[in-house]
């Protein structure tokens, strides 16, 4: 298992210093292997450290306890092999759509024509033709997140990290983005780690769902989602889908209640 | 476009109304010509000085002093603000100094700079820069501390090195707040320039006004006020235009 | 369920409340230590001959001069004079600026007439008025008070207008729908809601008032702290000059801090 895993968390822990100066444990003893091409959702109540786990994998937050390996090498910092999409979009507001998408390409030694071609292809993929010269603040939330996805995919990362990427969008837009994400994944499969607190979203998108418990966060259970014909319309109304949602919701609800009672 | 034309018309109209009121008050004889010269007399004086080139010489001197000090304040303030936001040692050393210097009346140090540097261009620029640097530093620091970490992280994961972050991300992200600081600093620079020129003499408009006052030449004093008011208006409006140009991407430009 | 959700959301790391008193003192010392470095440098540089003691008397000498100025009564007499001018000029600017700002915000015709005037006069560097005020009003208090008044009026007025105009319409509508008159809504709802802006305007006017006070006392006065600085400087009493500069700086800083403390108390209803 370990040898075939693209990403492996090995007894990862993390604590942060509170305002009062005390060390608060946020994550404890997290171990998880993710195979090449797998879509794994990290699901849990707010404050369970699921985003922190993603930031550790991204190399944004230094790893002090345990180890995270990507393709066998320990993570020591951010890298182009791990693309990231944030809930807040994190677009460069002073750059146009085109400049945002091209940003990562400019840092690879590619000929200019190749950069342009790739940028155009990605903007096309996320259906933003005609908006190339708009600034992010002139776009809707859904469009901004498409730009962020295109910007990340432009540098061709092996792994896609998504931190509640659709959490800031309205319900309809979120549905559309789910379908588009699956369509993109079908065309260009990628190992994906997806943080969410939305049970239905996790079931709809993920191959496996890791349910996290709060304070200090650790992985409580990993549920494999086996939904044939995921991209068919109406899959969300099938009994199998409903059963998965029910089961995961039970696990998460328990955690939320326990976390509250523990305070 | 209509908005800009409207503003220009509005300003012109206001100036015209003020001139008419001034004319009738002066013509009413309620004040002596010495206390309130007529706008015609002042205009004649400005035209005379313009024809002889005196206005342009003293105006150039004043504007160069003000803008040199302002530019120095901008550079030092921006560097200090970003340094305070990102380098712990810089923050530790300068935080108390800036928090005391920011509200303090910097003009009180003018005699100190005159003592150290002498009554010349250098001391004028120094006091202008010293007066204007604090708003820039404080605003830039606030901006640099407010740069979202996800912006920095995104840039890193797209292949930006830690060293490039400052130029690639922090600096552009800080521009709106830095401009706000500069917009506070510009009037301060102008006020300080005038006072410094009045106190040190010299060739600027402030010096010319004080000279005119000493010779009880009230059209000269009023001419100075008009020229400096117009200069202030143009410089501050120019700054606003620069802000709009630079912040085409910003939320305030969309509205 | 909903109860537990709110509790989860509210959890914040507040474990050891009683922070140790000793740590607080140490933190305070660490925070302000750079000032001590500055003071030591000021004392040592002239003593070690790094700078000419005539241009920068050591701090201790300046403090001694400060003591002499204070004992001789010069400091108090000139300080009170300056304070009087400042309070009159700034006070009048607030008394005139806040009502004018309110009127401009509330009545469109008033705004149409005075708005352009304000926008036209605001960018003018007010220190350019010093010579003409001297011509008109002489060397006494009136010229300084007028200058400070004119310099502080527009910042107060503009921030009041902007503050009132920035109040959420819903707030005023709900007051009106509860039967308040337009005027009652202005004083009962709009003015309190605009208070943060009004106070911010007064704060920047306070800083401006010090600048104009000191500038005008340099140039057209026979008393006041600005006069004291230039008098001592002209007479070559540099230790006294530095002492007076120090006093003015500390006063400006202290006034800002005091105003800030008072306005924060006045705005206690705001979160954070």
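Per-chain numbering from 1; labels A, B and C assigned in written order.
Following the convention adopted for this analysis, a contact is a pair of C-beta atoms (placed from the backbone, for glycine too) under 8 Å apart; a residue touches a chain by one contact, two chains touch by 3 or more.
Note that the coordinates shown come from a computational prediction; the quantities given were computed from them, not determined experimentally.
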Farthest chain (mean CA position) relative to chain C: A
Contact pairs, highest-scoring chain pair: B-C
Mean-CA-position distance for chain B and chain A (Å): 48
CA centroid of chain B to CA centroid of chain C, Å: 19
Complex contacts: residues of chain C adjacent to chain B: 30-32, 34-35, 37-38, 55-56, 116-117, 119-121, 123-132, 134-136, 207, 210-211, 213-215, 218-219, 226, 229-230, 233, 238, 241-242, 245, 248-249, 252-253, 255-257
In the complex, chain A residues that touch chain B: 55, 58-60, 77-80, 82-84, 86, 88, 90, 92-96, 103-104, 107-108, 135-138, 148, 151-152, 155, 157
Residue ranges of chain B in contact with chain C within the complex: 10-11, 13-15, 18, 34-35, 92-97, 100, 103-112, 114-116, 187-188, 190-195, 198-199, 205-206, 209-210, 212-213, 216, 218, 221-222, 224-225, 228-229, 232-233, 235-237
Contact set on chain B toward chain A in their complex: 148-151, 153-160, 169, 172-173, 175, 248-251, 254
